[in-house]
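The two complexes that follow have subunit A in common; it is paired with subunit B in the first and with subunit C in the second.
After this line comes the complex of A and B, so read on.
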């Protein structure tokens, strides 16, 4: 039996920073750029506050687990049927997040580097995260620690090199906003950027102390990650202007393509960006698959864990391969907004109520 | 039993590794590619265009050919169409991913360039940092003549503009992404270098073409182009300003731009500081330092006046002053900027320092 191990503060910081890298670079900038005519940092900060609120709600819920797993406690409190009902949107969110992340990355490779390589072949990269997820949480954490050391440095390097050819006047208005993004679905579609804590909440046991530690690490990761996320959005803006950036599928990739320096030895910075993103993606897809696996092993304790991961791999791979176009990937991201908002803000409340109900029933039975 | 299981694992692992040996679908060996050095776009009959390609030839094939390059042209409705048709004639894969320069014929630039550049951004086939220039003259001769200084095809055009090589401020190096971005920016019009066919060289700088939307509407001469570089912070290295009596080198400059909006009228004030050195004094008429500086200031004022007259008349804000008004205007008003620029009040002052007179005192 594998030893259950809680994630340390540094590990949580590393994982959340990798999540930022996996989500910030390719789909997210185009959603935010299309969501408003005003300052872009305002929707960014609003979502960061929303993410802190959501993670705080989760941390309060996790603090009540006393060393158990979240799903196991909810099942013990309200039974399998009610747990399935309240967890169905969570599962759908995780499944959609896996499919869109895999398919979006494959499409990015197709659009930028390998135009005729079949998507079915590129989607095969899911195999590595599936094996990593099957190996357990600690192998994922160890891989994350190693990847973190060079991916974050490379991303930082790319952002610094990206400061060339920028005209700050193109970023204006810097302060003004009329809140137009609240009426734009692209603003809500970008919610996937802020789901890092949610995913780790479904993995492993938590105690009051580890939940507090995890939330502090997440808050630190958000603060450290904000300049990274803002860089991915603003660098294309202050280079190409708002008008062209809105028309670009991957504004940051086009920005990387536009960098030209005599002293930069690497001619193709886009290839570096795509490669670095792959490392982010591998860890985060492993993490999401792990969350799916733990969810199913909690609901069906007798099921063979290998079969669960094999089925999860096949389902995600098949769904991602069947998606025909980039437009479909965008539509799925828009259609699953409701699931993400439910998972961020409603599920922790329901989970808290479920645990409170379980405690009350337990007390009544003991009397 | 364990050995049998282990054997199956090894067989499975090697089976997976077989996938790697199949190679990549997009792999094409470098010796099976014809890499485009320069691309030329020329207007043809009707809506068709003629695309010129110049391919550098590897050293191994030079013995068979007199030139170090191969040139071909192809008609098509679009650039992609011409590239596809060109593939019917080539023995190797046409590879535009190393294109260093895109030369656009002046007549095509007068009818609109946007439809012919979109492919580069959409398909990512041509590098976004390729330099763009307008050609006045015979595109065929430019593409078929050997480069006089012997550099590889494509590199020659790139070096012509690059600041680390032959680039000087007046040449106004413009990259593909800049041209494309300004096509969509209502606050910033394009200014693209204009080259004419040269007698001794492949081409010579004639000035810079002013664009409104995607069409040429005017031209800045070389002296006006120098002022453009100074005012837009694009000035690099040093540049010589030739005056009637003495020659001055501008070694450094700093321009402070202040903007305001008064009753819907843009007010733009430019305060420009120049650091200069004297490189040649007049032999026909003796001038002291203040007289030289006064003459330089007068010349700069004259060039700036004619430059702003040309650009404001056409509503072409090639300087990007409009971007400074983004916060002051509502998004719905952005498209009005070219008209507002025509009415803009632009003033400029020069503060010139003569740092030294070279290794000889000025009497």
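After this line comes the complex of A and C, so read on.
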């Protein structure tokens, strides 16, 4: 790109909404449904507040970058070794997030639409995000804008159609909660849903103004995305009831399967849902690969950018293909809770401290 | 004309150099239309007129070649009515002869007088041939750059309309003009274009599309057209005011509008002339046609072979019934029919207009009917293919239409591999490819709606 790539507020909103779509549909609802016996919107709102807090911490950190990239600034402040140490969990989180997202989606395709197609073939779809990630952030944004037009309308349509055949009493209790979800690891496993801002923070340069704009866009995306996320959780509940929904691998897909209206042109709405999800998945995987690529190109500036993305593609593809079952995907999501909590809440503090240390050293040297 | 006579007297006669006449005769030795005619004598030295018979105007040559005044040279020269008169050495004279000028020189002079006696062979201004005008100016560009420049200047009567010109082609010496509107153009784009045009090294240019390829040669080959090619002056003037640059070459009736983004190819100049609501409706119609053209055959393949359960049972049963007796898989059947319809389209385009309608009729109706009766393809597929062909003709830009014709095959392949998901993946890949494209520094997927420029 010859021109300076600047992501506007709308672009950030689009990306964060796509992130919501990529994470909310298949693996997230079962975690939240299993996490509590009380009202489901309460853990949602708690996580939304947590996400806003985390993104605010990141935005304060990004505001100090003065047009530089996050990792480059941290390296300049504390050196490569310390940067590698504090960024290792971030890298592990991104890698695990990529592998689980790819594998989970392939698994969903196998279970719903293409039962005989090998997982290794389906995982090959990663090639498109890898190419997009290599092209740069602005191509990702442009592709996201186009996909957003289709996906939001279709997802909204699916959610509205999903309101049929529901029994609202099955959603009770609507207000009561005893805070049991705090003691359930499924509640923490769902943290990946709220990490959109974290990923974009590792891509591109930021200034005080752009950091504020990004945070506002993210806050708006959370507000707009909450009904979508709640729809993915509550629609299976109010259709099948709590007990049955807990036992379903993909509660929302089962809900889509259950819809049948003579005026809906297609018989199988699951196919539409899975197809729409592909748009979300491709953009978000490109975004995550871009973050991985930028991380490595920051740590190893001399490395060939094409080789970095090729290696990232191969590593993610191999790992996703080697995962044996859906249960393994769930276990990985549970095992990486610590990484995600570190990336959400501890890394911005460490980054802030690193930048403050770098500034102090700089002042001392100038004196 | 006493000026010509006095200039003739002062023509340089260097003893050490080869005379211009000999050099010109040698240079144009095997050109039968090159003439070096003796027209008279000046100071006991023979005076020759050298020219290409095919390029000079016979009427304009009459003043010197027709001797109806008793051989008085000064009287004949006085009848010269051409604009401009200049002296030139061999290089200048050689280039001038190639451009239709005539050279007046003495037998031993090393320089000659260049006379404007050229006659451009060009057709009259008519209506656009490749773009139908439904509303708006009916004139179209022709092969003369000067006439085309006049047509553009007749649309924009402003001193801010600028024109930069260069000559490209070591053999063709083709004039290439770059038009821009001073207040609207991006200076970076302008300098980039001038730099690229100046760096082009080629033997000859015949058409503006060929010139575009040369402009983009530093980049890898692109599937999508990166500049709109138009023969309508009204479209050109609109684009100029939008801040685009227009490239025209002498000898081609097509102007290139750069940079052109994806959505530009879906706008017609008529969109500005009709009711805005109608424009939105037409735009929606065009985008719908694009999707139908790209995806309808692929959806047929997906829904009848891989994702049979997605469709309503009644439609699935109807599709299965229509395919009863067809011996080939859906993919082969669809591919066969798509190829067939492309044959018919291509034949219709290439054949003379009087025959093309017959071919289309024979191909479309007779062949279609026969192919169903022979149980080679299903009835449903005929509807699908016909709809696909019709929607392809809705594409405004010819080059974009060609790209769509190619792309639908790839999407059919995607559908035959992974059904609906294959289609979605192909569409995603297409969008990803488009989002990576840039046309002269502008993203190809710039915006879906054109931005309005503030008038100052």
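Here is the rule we go by: the second predicted complex is superposed on the first by the 363 of 367 C-alpha atoms of A that agree within 3 Å, B and C clash if a C-alpha of one lies under 4 Å from a C-alpha of the other, contacts with A are read in each partner's own complex, and residues count from 1 in each chain.
The rule is short, and it goes like this: a contact is a pair of C-beta atoms (placed from the backbone, for glycine too) under 8 Å apart; a residue touches a chain by one contact, two chains touch by 3 or more.
Remember, it's a predicted structure, so these values are computed and weren't measured experimentally.
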Touching partner for A:240 - first (subunit B), second (subunit C), both, neither: first
Which of subunit B and subunit C A:325 touches, first, second, both or neither: neither
Which superposed partner A:209 touches (first subunit B, second subunit C, both, neither): neither
Contacts of A:111 with subunit B and subunit C, given as first, second, both or neither: first
Which superposed partner A:282 touches (first subunit B, second subunit C, both, neither): second
Partner chain(s) touched by A:125 [first = subunit B, second = subunit C, both, neither]: second
Touching partner for A:304 - first (subunit B), second (subunit C), both, neither: neither
Contacts of A:135 with subunit B and subunit C, given as first, second, both or neither: second
Common ground on subunit A, meaning residues reached by subunit C in one complex and by subunit B in the other: 113-114, 117
Complex interface listing, subunit A residues touching subunit C: 2-3, 109, 113-114, 117, 125, 128, 131-132, 135, 138-140, 142-143, 145-147, 265-268, 271, 274-275, 278-279, 282
Contact footprint of subunit A on subunit C as seen in their complex: 306-307, 309-313, 418-421, 423-425, 428-429, 431-432, 434-436, 441, 443, 445
Contacting residues of subunit A [partner subunit B, same complex]: 37, 111-118, 121, 124, 167, 169-170, 172-176, 239-241, 243-244, 247-248, 254, 257-260, 262
Complex contacts: residues of subunit B adjacent to subunit A: 19, 24-26, 121, 124, 127-129, 162, 164, 175, 177, 180-188, 320, 323-324, 326-327, 331
